[in-house]
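Structures for review follow.
Next come two complexes built around chain A: one with chain B, the other with chain C.
The block that comes next holds the complex of A and B.
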């Protein structure tokens, strides 16, 4: 992006012309100025900084798109602050307009700098290096020696050596100029263009992809249709018909935990045995779903992202009718012991609606009078229930969570809350019925994603990496050679070198090597090779002492680096 | 897979030994500064006035011994070259101890891996042990290639401190991996991050010295007193430090980029999305952006030098926060650091 700066400082005359035009065509002038500013490196640096800074709240504050429950919790604990933060989009930073503004500006800046440079690079593919400057001694790296060859022959052999080393050559009267390292610019542009491609890949996934979640109890199944999914977040151009028509049936689930030692309770493995069909009527296939081993069906992937217990409960109401008989998924509140909580709602119960808040303990032990779970496996499962009767509030029209009981219209039943073992029942007071704990099932939660931008993103990522490495490894450098007849009838050969992008150094070594080879080659033509080096100073090397090193090096560094 | 406790105990003992050896080496580097003046810089500055027979008069901005790339420059191979090895008793002892220390450190990590029958970077304790080892390896390599022996004491102070905290506060007994980490991607993603962090640590230490040297040089040049001038006599000029730091970032940045990409692929395998803006992901992105800023600043007139140096240190602060802060203060999908 220095290219733009180089342009603007290159010619005062051009700048002045631009200025006078700007005064005449105000709007165009301003636009040109704004575009220059936007595509300048300084702006890019500031935008990069803003991008990094703007990402910070996204990692510190809970985010709507990642953990909506945490956002709700934040609202409860900071009732005054939360609405302000929400207005500033700080709960969805990465979807915020100001965040989009930063990255759109950054990518506009990037495009505005990279695209013209790409065109220029294509144009320079057949361009010759510039003429050699008249005074090579002013270049950052210089060397000179004398030889018995004629100036023409000396230049010819210099051009030959540089050509062998794959320098691009341009020869003229008394000089050769050579340039090498165009791949650096190629790598640099590849990196920046790949970043643009990466952004488009992400957008592609957001438009044509979808994300979904499904909780599945062992023995149950579902089809991949919007109505059969718990959560369905389609991209902008995804219709119900674009979903892969597979169906999945959960056969079994096994979780294994460390049973002793310091890591007790830590999970070792999760295995979910699935039967699936790629489309209705297709043969049933089996797959063992594990973490890190998703099931891939027609480009959509199914992931195992959670698991839990679902106590099987039978509720008989006051009239003796069974109103609920089946598993109820409970949510683990403590991953290390899998103590889980959940609710059972029985709106059809007569004479009054019934609700239960329950705690499931997979490995219940008596700890000082209260029961708690000691291990995540179901070694001694117990279900503890608190009963409610009254109005569940399910007819109010408001959406309700299946995992929460709205106790507003309910009153708690007076009963002994003794945890039930499998097969045990509890009689509800006032003839409201009975509740029986029959046993437990396990459930898993699945994430289903389809992202057509995935492969393009991967390719872009690696292209960016390749471009980065290329631009770091290759340096662009120029070597100039001048040969002229000296007073003593011999030929004086002067070399000058300039690394256009050599911020990490290394060009000096190459230049020295080149100069040595050339000198050896040209002196060697006359068989004076061994003698030459012993013959100071006229015949051999006029060793230039390092002059004002640091500032001269800066000259090389400030050359257009093209980053 | 049961844990081999004998090997795990051996690993603990070896890591403790490595810290002690590093501490002694650190003292030896300090003694070299104190007693063997300027020896630490042997070969770093071009010996002025020495005839270098085969060196064509290449006038270069920086002493040839530093700029010559990974090979010793032409002048060095011919005759009275300054050795690439350290000179002086204390420096030799210090460097030998560093090499022994890093060998013991590597062995400690390998035995930990044998004890657990997996790559030994499954929690914070193992991760810190690994990237501190990488940082010392970077220093050893930089010493041999660029004669950066003068960095010894400055590199080892944070390493000894970090490993000390790791062994005491963060120690985690050998164990197995949670299912989320049971993937061959741990060997790819985490290894890349370890290599990059090692390089970034070295870069940050060198850059800190660069900023001090730069300030000192400017103050001395304008005739103002410089408190650090005494230390600076043992260090090469600001330009050499700046280049050394730049090289480590130039190497580290693509490795970090690769680590982030590998992490994204793994995230896709494990969680069903390659980028989900989990706090760890966000901070690795922030770190990447700040180091990218450093690289751009290095190539922009008016920003290179001190400003770029400060940006690089800001990048390192982001990195440290990502490695330590995110695990300690923020809950996310990467919260299996055993904290």
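The block that comes next holds the complex of A and C.
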């Protein structure tokens, strides 16, 4: 679709006409006017631009669907702004109602524009060439000659030649119309249909696809079922049973970083060794997951999108019972040093619930009295914790983030927060228990996406491109032939031609060649006499004619620019 | 993550580009679908969750899907299988000690289990994404008398994939005497709500 092809209905005059019609037809007129406005090229372009504009915050602000941990971090660093942004759906831009409004309108606009046009194009591709105009001399390319053939025979042989050259023919009394280049319309048609198919493919993905996120600690596994996903965004018709029933176990994870030079701290590679089953009971297979090399199971793709550390902590409560013993995922706050923050909640500690807010430093160094991390690898891991006791607010049933402590019902324990090395413990005051830092594990975050519309979208994208190229490269051109008896008893044959949208040029040459062939053929039917050489050649065409031995015909050829 | 590493950033960028190139981003429609069901699980940020309110479904006899005969080790190390419960009505509760709504409903479940034992209603828990120490601590806190299967990788939930898969934590399934799923509850249930559903399944006041 180019703007030039656009309906004139979007022009102010037409809009005004629509308005006047609206005043006459009332509601129906208004609806028709609204529909025309919606399906106009201008509206589609504005909507497309709006869609692009609306996606900008999606790439500037962290997105819930892509990296929920980054959103948590944003909440921490912008406590006042974040709730406002959240209310405006700016952390899930692509799921926002205003975003949906834009693309639903765009969808309607494009479908409303493309469908009627497709119907017109089908008609155009099946069309017979129009009747030959009465005055062919007014066409951009013309040629004429006389022959001794009868008008009927001349037309017949012209039709034959054009037919051989795969022109579509339409004959009438004293004329032949021929048209070629219907492939242009086929290309156009393909482009429009592919565009519609693209829209439907994308809708298909939105209806039957889903997206999910999962944080997975080394040594642990998960199943692709809604209860086991951290974030699950199903399409409209996706139920819990529609998910591919695979399960993944994370065997190991290795991150490599540049250790020196200007690129220090930059990641070199991430490799996650996975064992997976496509369904319960299926054989266990291994896959090494890398960035941009997803694991594909039954059409669902599992991407590696992030990683971090999970300090392994053991919490013993005041009764001497171990209430927590395992890794706790911490969220990196600085990717270059992997300094990470997290919380540990021990809701079943006695006599009081315990909570800890911690900072994990993978490569701790002393920087002027304070410890900070110098490198993303765990060269000298340290964990520092601040303890809280009281009410964690979990028993009320209100779901809460596992990365945040609700300190409302908690009070901070008075204790020296010294960074712990692996194996070191810290005793909590008032006989509340002890906490031991045992070591660390690594975790990865996975994005699971299933989009059944992906392949159809790709195919229709390519089809649209092919159609567009075809419609640009193929010219639609018409050649008309008229034959009439002249006063001297001979037959005057007139040719006229025109190319539609001949941007690339080249029709002139084709037309000249056709005219020469036709003339040579019709002269040749009569047999060339020895007189051929007596007429001196006048121009290039005449010379060509002389060589063909068709001297008895006078030829005047004018190119497309001749007039 | 204020500065994602270059490779991860490029992956995100490529994903974002692909989405933008697809013109109408599919996740948009997905977003209209409503609650982020698993959003209160560990690993989620919990910022945008829709806390899952109570939702129950009752299946009439004839419409009840056959429950998979799941088996495994309990938190205390004992082996149990649903097969040995055939003939009983089973209340299967998927929970985790980290899950706030599970903590909220735990006292009611423990109480019901004790009160209904005589009526042939057996309670079994399935402990999801948990570790044994915190699970034991949970059971002690809420005085949970019935056993719970240890399911850190959610494999038991996955076995319900083709029947009535749990879609939230907690999810409670009521399995009738013939081993068919008669009711499903998403979200924390109260004593009265669960009692009413069980009565409906066993066909007598519970």
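Quick note on the criterion: the second predicted complex is superposed on the first by the 308 of 563 C-alpha atoms of A that agree within 3 Å, B and C clash if a C-alpha of one lies under 4 Å from a C-alpha of the other, contacts with A are read in each partner's own complex, and residues count from 1 in each chain.
By definition in this document, a residue touches a chain if its C-beta (ideal position, glycine included) is under 8 Å from a C-beta of that chain, and two chains touch if they have at least 3 such contacts.
All values derive from a computational prediction rather than experimental measurement.
Of the two partner chains placed by the overlay, chain B and chain C both lie in contact with A:202.
Touched residues of chain A were counted for both chain B and chain C, and C has more of them. Once the two complexes are overlaid on the shared chain, A:303 sits against chain B and chain C alike.
Of the two partner chains placed by superposition, chain B and chain C are both touched by A:270. When the two structures are aligned on the shared chain, A:403 is found in touch with chain C, with no touch to chain B. By the touch criterion defined above, A:291 reaches both chain B and chain C. Of the two partner chains, both chain B and chain C are touched by A:55. Legend: residue contacts after superposition of the two complexes on their common chain; A:326 is shown touching chain C, with no touch to chain B.
In the superposition on chain A, contact is made by A:509 with chain B only, not with chain C.
In the superposition on chain A, A:103 makes contact with chain C only, not with chain B. Put simply, chain A uses residues 48, 51-52, 55, 58-59, 65-66, 94, 202, 211, 266-267, 269-270, 291-292, 303, 305, 447, 451, 457 to touch chain B in one complex and chain C in the other. For chain A in complex with chain B, the residues that touch the partner chain are 1-2, 5, 41-42, 44-45, 48-49, 51-52, 55-56, 58-60, 63, 65-66, 94, 140-145, 202, 211, 258, 261-263, 266-270, 290-294, 301, 303, 305, 447-449, 451, 454, 457-458, 461-462, 464-465, 468-469, 472, 501, 503-509, 511-513, 515-516, 519, 533, 541-547, 549-554, 556-558, 561-563.
Within the complex formed with chain A, the chain B residues making contact are 3, 46, 51-64, 66-69, 71, 73-74, 173, 175-176, 178-180, 182-183, 185, 237, 239, 243, 246-247, 250, 253-254, 257-258, 261, 264-266, 268-279, 282-283, 285-286, 289-290, 292-293, 295-304, 318, 326, 330, 332.
Touching chain C in their complex are the following residues of chain A: 48, 51-52, 55, 58-59, 62, 64-73, 75, 77, 82, 86, 91-92, 94-97, 99-100, 103, 106-107, 198-199, 202-203, 205-207, 209-215, 220-236, 238-241, 243, 245, 247, 249, 266-267, 269-270, 279-280, 291-292, 303-306, 321-326, 329, 331-336, 345-349, 393-404, 445, 447, 451, 453, 457. Those residues of chain C whose C-beta lies close enough to touch chain A in the complex are 1-8, 10-16, 19-20, 22-33, 36-49, 51-52, 94, 97-101, 103-105, 128-129, 131-134, 137-138, 140-141, 152-155, 157-159, 161-163, 165-169, 171, 188.
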